[in-house]
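Here it is: the structure, laid out below.
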Amino acid sequence: MSPTLLFLSGLILLGAYCAYRLTTAGAKPSPSQWVTGIVLLGGLILDNLATGMATKGLLICLLPLLSFWILMFFGRNHLPSGGDWIAMIAIGLSLCLSYSIYHQAIGAYESGDEFFYHQSEGNIASFEWIAFTNPDTGERTPWKLGFWIDSLTAIMLMVVAGISFLVHLFSLGYMKGEENYSRYFGYLGIFSFSMLLLVLTDNLFVLYICWELVGVSSFLLIGFFINKDSAAAAAKKAFLTNRVGDLGFAIGLFIVYNNFHTFSIREIFDALANGAMADSPWTLTFMGLGLFCGAVGKSAQFPLHIWLPDAMEGPTPVSALIHAATMVAAGVYLVARLFPVFNDTAFLVIAYIGTFTAIMAATIAITQFDIKRVLAYSTLSQLGYMVAALGVGAYSAALFHLTTHAFFKALLFLCSGSVIHALHHEQDMRNMGGLAGKTKVTFITMLVGTLAISGVPFFSGFYSKDKILAGALEMGMINPHHAIIFIALLLAAGITAFYMFRLIFMTFTGKPRDRHAWEHAHEGPWTMQVPLVVLAILAICSGWTHLGLGGFFQERVVPWGTEAQVATHHADAPTLFTTAAFAQEEGTAVEEHSAHGEAHDEPVANAAAMHEEGHHDVQHTAHVVAMILSILVATSGIILSALTYWERIRVIDPAKCARAMGPVYDLVYNKYYVDEFYARTFYRGLEIVRNVLARFDLRIIDGIVNGAGRVTVFTSGKSGRFDLRVVDRIVDWIAEVCQHYGQRIRRVESGVIQDYALKVGGAFGTMVILWMIVRSFFIGA
Amino acid sequence: MSGLVIITFLPIIAGCILALAPLPNDTVRKASLAVTLAILAISIPLMWNFGEAYRAVSPEVSEAANSPMPFVYETNVKWIETFNINFHIGVDGLSMPFVFLTAFLCPLCILASWGIGEKVRGYFALFLLLEGGMIGTFVALDLFLFYVFWELMLLPMYFLIGIWGGPRKEYAAIKFFLYTLFGSIFLFIAMLVLYWKTGTFSLVELPGHEGLGDLKWWVQIALFLGLYVAFAIKIPAFPFHTWLPDAHVEAPTAISVILAGILLKMGTYAIFRISFPIFPVATAWFCTPLAVLAVINIVYGALCAMAQTDFKKLVAYSSISHMGFVMLGMAVYKEEAMQGAVFQMFNHGCITAMLFLLVGVIYDRAHHRDLAGFGGLVKPMPLYGGYAAFAFFAALGLPGLSGFISESLVFLGAFQEQKLLACIGTLGILLGAAYMLWTYQRVFMGPVNEKYKDYKDMNKIEIASLLPLAVMVLVLGIFPFIFLDMLAPTVSNLLAHLHVGREEYEAMRTAAEQVAMNLHP
Amino acid sequence: MVGLPHFLIVSAILFSIGVFIMITRRHGIMMLMGLELILNAANLNLIAFSRYVETGIRGQTFAIFVIILAAAEAAIALAIILSIYTHSAKINLDELTSMKE
Amino acid sequence: MFDFIFFVFAFVCVGSALFVAFTPNVVHAALGLASTFATLAGFYILLGADFLAITQIAIYVGGILVLMLFGIMYTHNIARVSGEQVMMQVGPALLVVVLTLFTLVATILSTAWPAKEVGPPQPTADRIGVLLLTDYLLPFEVAGILLLVALVGAVVIAQTPVRKSIEESID
C-alpha cells in the first residue's frame, strides 16, 4: 500500500537525517543533540501512547507551534545549526501522528466501519472557551472548541504534514547559508501549526483564526527576503488581498452567528438539516457567498488571484508548500468542509468563478517566462479546477484532485527550486535550456510531475482530472445551459498540457542559452533530491485506483450528511447537480399527463425510479466521454507544445505566433491587465479618498477648531485694544496724578527712623486732640 | 483600609513628596518605579479576587433590571456633607480592568521615560499625580468626586505635554487642555442638573432615581448629548478628534502611551458608567446615531491614518479607528458586543501602548518619525523588527492576539443589530491591515537605509517595557475568557438596565406614532 | 488707696518715656531700649488689668508671650544692629539714609 | 504699706526711666534700664503676679539687658564706651510726648474703672503652667518655634559681623 510506503520512507528519512546530523555536526555531539535523540525516541513512543484522537490531534498541531516558539526565541544564538533539527523533529512527529490517524481511516474503510470523531461523539476532548448567553434558550453557552476528524481530515492531514515534512527536508539544502536560517524554520513551524489546526478543528471561529494565521505565515515567508523591495511588496499584497477575501468570510461568519448562535460546524449542520433558514434562502445564499469569499481569497480565485504570482518572491520551497500544495488548497477545503451550507445559487457562482479562473490562468501561463510564475499560474488554474469541481458537485473529485495536485505541484515547485538552485537563482526560462543532462534527477522527476499535471494516463493527475471533467460533464448533461463549464475546463486541460511541456522543453532541452550558468549547473545535495523522488513516486501512484485511494475518495470523502457510497444523489442535496432536477421536471410532466384523477404519489414514485436510473446512465456516459476527451485534449496539447518548443521537431515559431496574435498576446502577457485595473481603480481611489480625507481633517475639522481659536484671538485683540486705549488710559492718568503729587509729598520721607517715630507720635497726638475737640464739641452741643 | 484607597492616594502622595524632596535624578527614577510597582502589586490581588467578589454581590439574572448595579471593594466616607458629596469609591467589571491597566502601564511608562534628562523630579512627580488622577477617575462612584479626578488628571497631562513635549508642544498642550475643558463644561452642567433634580451625586443611586422620572424627554436627550460631547472629546470621536494627533505627536513617548492607553478609555468608560445607566431612554434613542458615528470613526480614522507620513500621527489616527470599534460595540444591545467593547478598550490600551513605545524606540535613535525616511530596519535591529511585527499584527487584529477577539466580538454583536453598519465597519479591518502593513513595509522591510545600518538594537529597559505588554496581548488572545468571564456579570447587569430603558423608549415611540397616525390618517 | 489708675498712670509715663527715647536718641541700642520700655509699659497694663478687672491669669499669660516676643525681637534687632555696624561702621541710625529716595 | 511701697517703686521706676532718656552714656542708660525693669518686677509682685516678676527679672534683667550690653561692647571701642550721645529733635519730641501723656492720663482718669474687690494674691506659677499646656498650647508651641527661629536667625545674621569685629580687635 502506498500510504504505508510513504510512512515508512518518511521514518527512514527522519532517522537517516538525524544520524547524519549527529555524525556531521562535530566530533563530540553536544548535549542538545543528545536531547534531540531522546526527544525523537520519546516522540515515537508517544505515538503509540497517544491512542486518543484528541491527544493525537493536539500533538499534531502543537508540536510545530512549539518548534516555532523555540526557534523564534533561541534559534539563532543558542541552538547548534540554527535549530533546524527541532523543526524537523516536530514536523516528523506530526507526520507520524497524522499517519496513524490516516491509517485508522484507511483501516476503517477497508473493514467497512465508520470513521468519524467529533467532540459530541465522546472520545474527543473539547475545550470550553468564551461563553455568552444564547438569546434563544436564555442560557449561558460556552463556545466549545474541539476536533472534527473524518476521512477528509485524515487525508488533509496526510497531505499537509507529508508535504510540509518533505519541504522541510528540501529546505535544509536549499536554504543553507541564508541569513535568518532558523527563523525560516520557525515560520514553517507556525505555518504547519495553523494549517494542521485548520483542517482539524470543528469550530468555524477557530478555523477563521487559523485561516488568518496561515495568511500571516504566508506573509512572513513571502517577505522572508525582507530587505528585497519586491518581496516586501509581494508579502503585503498577498496579505491584503487575502484580507479582502477574509472580509467576506467574516461577514459570512457574522451571518452564521446571527442565525445559529454557535460556530460549531456540527451544530450548524444539524440546525440546517432541521430546516433552519429554510425560509430565508437569500440569507443562506449570502452566507454561502460570504464564506466562499474567504476561499476566493485564499485559493486565489478570480478576482482575488493577483497575489499568488507575486507570492513567488518567497523562497521556492515555500512556494511549493504554501502557494502550491497546502495553503491555497485551504479555500477548497473550506468549501468542501462547509458543503452543506451552500445552496444552488452559491454553487453556481462557485462553479463559474472556478471555471473562469481555470481558463484565465491557463492562458496567462502560456505567455510567462519566469519558471515559477508559470507554475504559479498553473496552480491558479488547477485551483480553479478544484473550485469548479466543488461547484458542480463533484465533491470527492475535487478533493482527490486536491491531493494529487498537492503532490505533483509540490514536486514541480521543488524541481523548479532545484533548477533555480542549480543555476544560481536564475528564474527566467529564456536563459535556461539543455539542463536534462546536467540535472538528471530533477529532469526526470519534473517530467513525471508534468505528465501528471497534463493528465497523461497512469499518472495521478489523469485520474483526478478525469473525475472532475466527468462531474462537470454530468452537470452539463443535467443542466445543458451550464455545459459551458465542461467545455471551458476541457480547454483548460489542453492548455495545461501545452504550457507545462513548454516549460519542460524550454528548461531541459535544446541548447543552453546561458552557457556560463549551464556549465556551473549542478544537482543539489541529497536532502534536496530525496523529496523529489518521494514526491515523484507519489505523483505517479497516488491516483491509482487499485491502490485503494481512488475508491477511498469515492466512497469516504463525501459531504457531511450524505450517506456513504451515494455521494451525489442524496435526497437533501442541492438540486443543481443531481438528477433531482430531472425528477422534478419529469415529475411535473407526468403529473400533467396524469392530471385526470390518478393517484398523486404514483407519478412521483415513478419519477424517482426514473431519476435513479437516469442518473446512473448519466454518470456512466459522462465518465466514458470525459475520459476519452481528456486524453485527446492532453495529447494534442503535448504534441502542439513539442512542435512549438522542442527544437528537434520544431515547426512553429512561438515568436511569430505571438506577433500574429498581436493585441491578444499583449493582453494575455500582461495578465489581462487585472493588476493595472486594480491599481487604477481601487488603489488610486483609495489614495485619493485618503488624501482628501486627511486634508479634510486638517483643513476643515481642525480648521474649525483653529478657526474658533482664531476668532477668540481676534476678539481678544479688539477688546485688548479697548483695554489699552480706554481703560488703561484712565488708570495711567490716575497713576500720573498720583505720581505728580507723590513727588511733592515724598520729601516727608527723610529715611531717618527717629523722624518717623516722631511723626507717628505726632500724628497720634494730633488725632487724639482732634478727636477730643470733636467729641467735646458734639457732647457740648 | 481598602486597597483601592491606597492605590488611589499612594501615587498622589508620592508625587507630592517627590516634587518637594531634593533627590538626585536617579533616585527619583527608581523611587517612582518602586511606587508604580507597589501599586501594581496591590492591584494584582484586587484583580485576582475581583471575579469571585463581584459574583457574590451580583443579583440574580431575573432581578438584575430592578436592583442597583453592585460594586465591590467599596469605601464610602462623608466628604462635603452640605451638598451630600461623599468620598465613595468602588469597582465593578467595567472599572476594575482599567484600574489594573493603569497600574500595569504606569511602571512600563516609567521605564520608557528613563531617558528623560531635564527637570526629572518634576516629570516623575507629575506622572505619579497623573496616575493617581486616572485611578481615581476609574474608581470614583460619586459624580462630584469623578469630576474632581477627571480634572485632576488634566493638569499634569497639560504640563507633561507642555514642558517635555516636542517642538510644537505649547500648541498641542493648550489645544488638548482647552478641548477637554470645553467638554468638562458639559459634564459640569449635567452634574449640576442631576444634583438639582435628585439631591445626590452618587453614581449608585442616580440610575433609576425617582427624581429623574419627571425629567422631560428632551431634557434627558439634551443632557445625554451634552455628556456625549464631553466624553466624545476624550474618546476621541469624530468630529472632536483633532486634538489627538497633535497631542500625540508632541507628547513624550511615555505620555503618548498613557494618553492612548488610558486617557482615551476615560471617554468610553464614562459613557458606560454615567450616560448609559442614568439615561437609559436617551441611550435607546441615541444608539443608532452612535453606531453611525462609530463606523465613521472606524473608516475615517483608518483612511486618515493611511495618509500620514509621521509615524506617531499614524498611530494616533489608528487609535481613532480602534476606538470606533469600542463605540460600535457600545451602540448595540448585545452581550457579545458590550463585552467586546470593554475588552477592546483594554486591548487597545495594551496594543497602542506597544506601538507608541516602539515609535519611541526609533525616535530616540533617529530623532525623526518620517515614515519615508526609514527602511530595512529589521536588518540592524532584528529584535525591534520582531516586536514591531508583533505589535503591528496585534493592531491589525491578527487572530491569536487579543485585539482580534475583541474586534470580532464587537462585530458579532453589532451584526445582529446593525447589519449594514457592521459590514461597512469591517472595512476598517481591511484598511487597518493596509496601513499597518504599509507602514511595516516602509519602515522595516526593503533595502537597508545606509544612515541607519549601525543602529543598536533595543536595550534591556526598552525590552522590559515592551515584553509584559506582548505577553499580555498574547495570553489574552488565547485565553480571552480570563477577562471576559470577569466582565460578564457586570455587562449583563448593565444590559438588563438598558433593556428596560429601551422598552420604555419603544413604547414611547409607538405611542408617538399612534398619535401621528391619528393626526394624519 | 492705690488702685488700677495708679498703675495705669505709671505705665503711661513709662510708655511716653519710651516714645521719647525712640524719637530723640540716635544710637540704635538706645532706640531698642526705648522699645523695651514701651513693651514693659504694655505688660504692666496687662497685669494690672488681669488683677483688677478680669481677676484671672489670662492677662499674665499674655504678658508671658509678650516677654517671649520681646526676647526674640531683642535678639534679632541686636543682630541686625551689629550687622549694620560692621557693614557701614555706623551705629547712629539717623545716618543710615540709603532708603531715602 | 502697699501704697507706700507703690509710690517708692513708682518714683524709682519713673526716675530711672528718665535717667535712661537723658543720660548721654549708653552704658549708664543700660544700667538705668535695669533699675526700671527691677522696679517693674516689684510692681508685678504688688499685683500678685509672682511668676511674672521672676520672669521679668530673669529675662529682662538677666537676658535682654546683658544682650544689649554685649551689643554696646561690640559696637564701641571698649576703651571709651562712654562716647557722647547727642540727642536730636528734643523740642518736638517733648511736645508730642507730653501731648500723648496728657491724653493718656486724661483718659485713664476720666474712665470709670470697675471697682472690684481684690482678694489676696495667690500663687500663679502652676495655673499658668496648666494654662500654657492646655488652652494656649498652640501659641505656646508657636512661640517656642519663634524663639528657636529668632535664635538661629540672630546667629546667622550676626555671625559674620561678630567674627569680623573679633578679627579686627585682634588686629
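To keep things simple, chains are lettered A, B, C and D as they appear, and every chain counts its residues starting from 1.
Here is the rule we go by: a contact is a pair of C-beta atoms (placed from the backbone, for glycine too) under 8 Å apart; a residue touches a chain by one contact, two chains touch by 3 or more.
Keep in mind the model is a prediction, meaning the values are calculated, not measured.
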| item | value |
| --- | --- |
| Higher-contact pair (C-beta pairs counted), C-D versus A-C | C-D |
| By mean Cα position, the chain sitting nearest the middle | B |
| Rounded Å distance, chain C centre to chain D centre (Cα mean) | 6 |
| Inter-chain centre distance, chain A versus chain D - centres from mean C-alpha coordinates, in Å | 102 |
| Mean-CA-position distance for chain C and chain B (Å) | 67 |
| Junction residues of chain D, two or more chains touched | 88-89, 92-93, 96-97, 100 |
| Residues of chain C touching at least two other chains | 19, 23-26, 94 |
| Chain B residues counted as touching two or more neighbouring chains | none |
| Pairs of chains, among all present, that meet the touch criterion | A-B, A-C, A-D, C-D |
| Partner chain A, residues of chain C touching it in the complex | 19, 22-26, 31, 93-94, 96-101 |
| Parts of chain A lying in touch with chain C, wherever the complex brings them together | 746, 749-755, 757-758, 761 |
| Chain B to chain A touching residues, read off their complex | 175, 178-179, 239, 241-243, 300, 303-304, 306-308, 335-336, 339, 376, 378-379, 382, 385-386, 389, 393, 398-400, 404-405, 408, 411-412, 415-416, 422-423, 426-427, 429-430, 433-434, 437-438, 440-441, 444-448, 480-481, 484-485, 488, 492 |
| List of chain C residues in touch with chain D within their complex | 1-10, 12-21, 23-30, 32-33, 36-37, 40, 43-44, 47-48, 50-53, 55, 57-58, 60-61, 63-65, 67-76, 78-83, 85-87, 91, 94 |
| Residue ranges of chain D touching chain A (in the complex, touch as defined) | 88-89, 92-93, 95-97, 99-100, 103 |
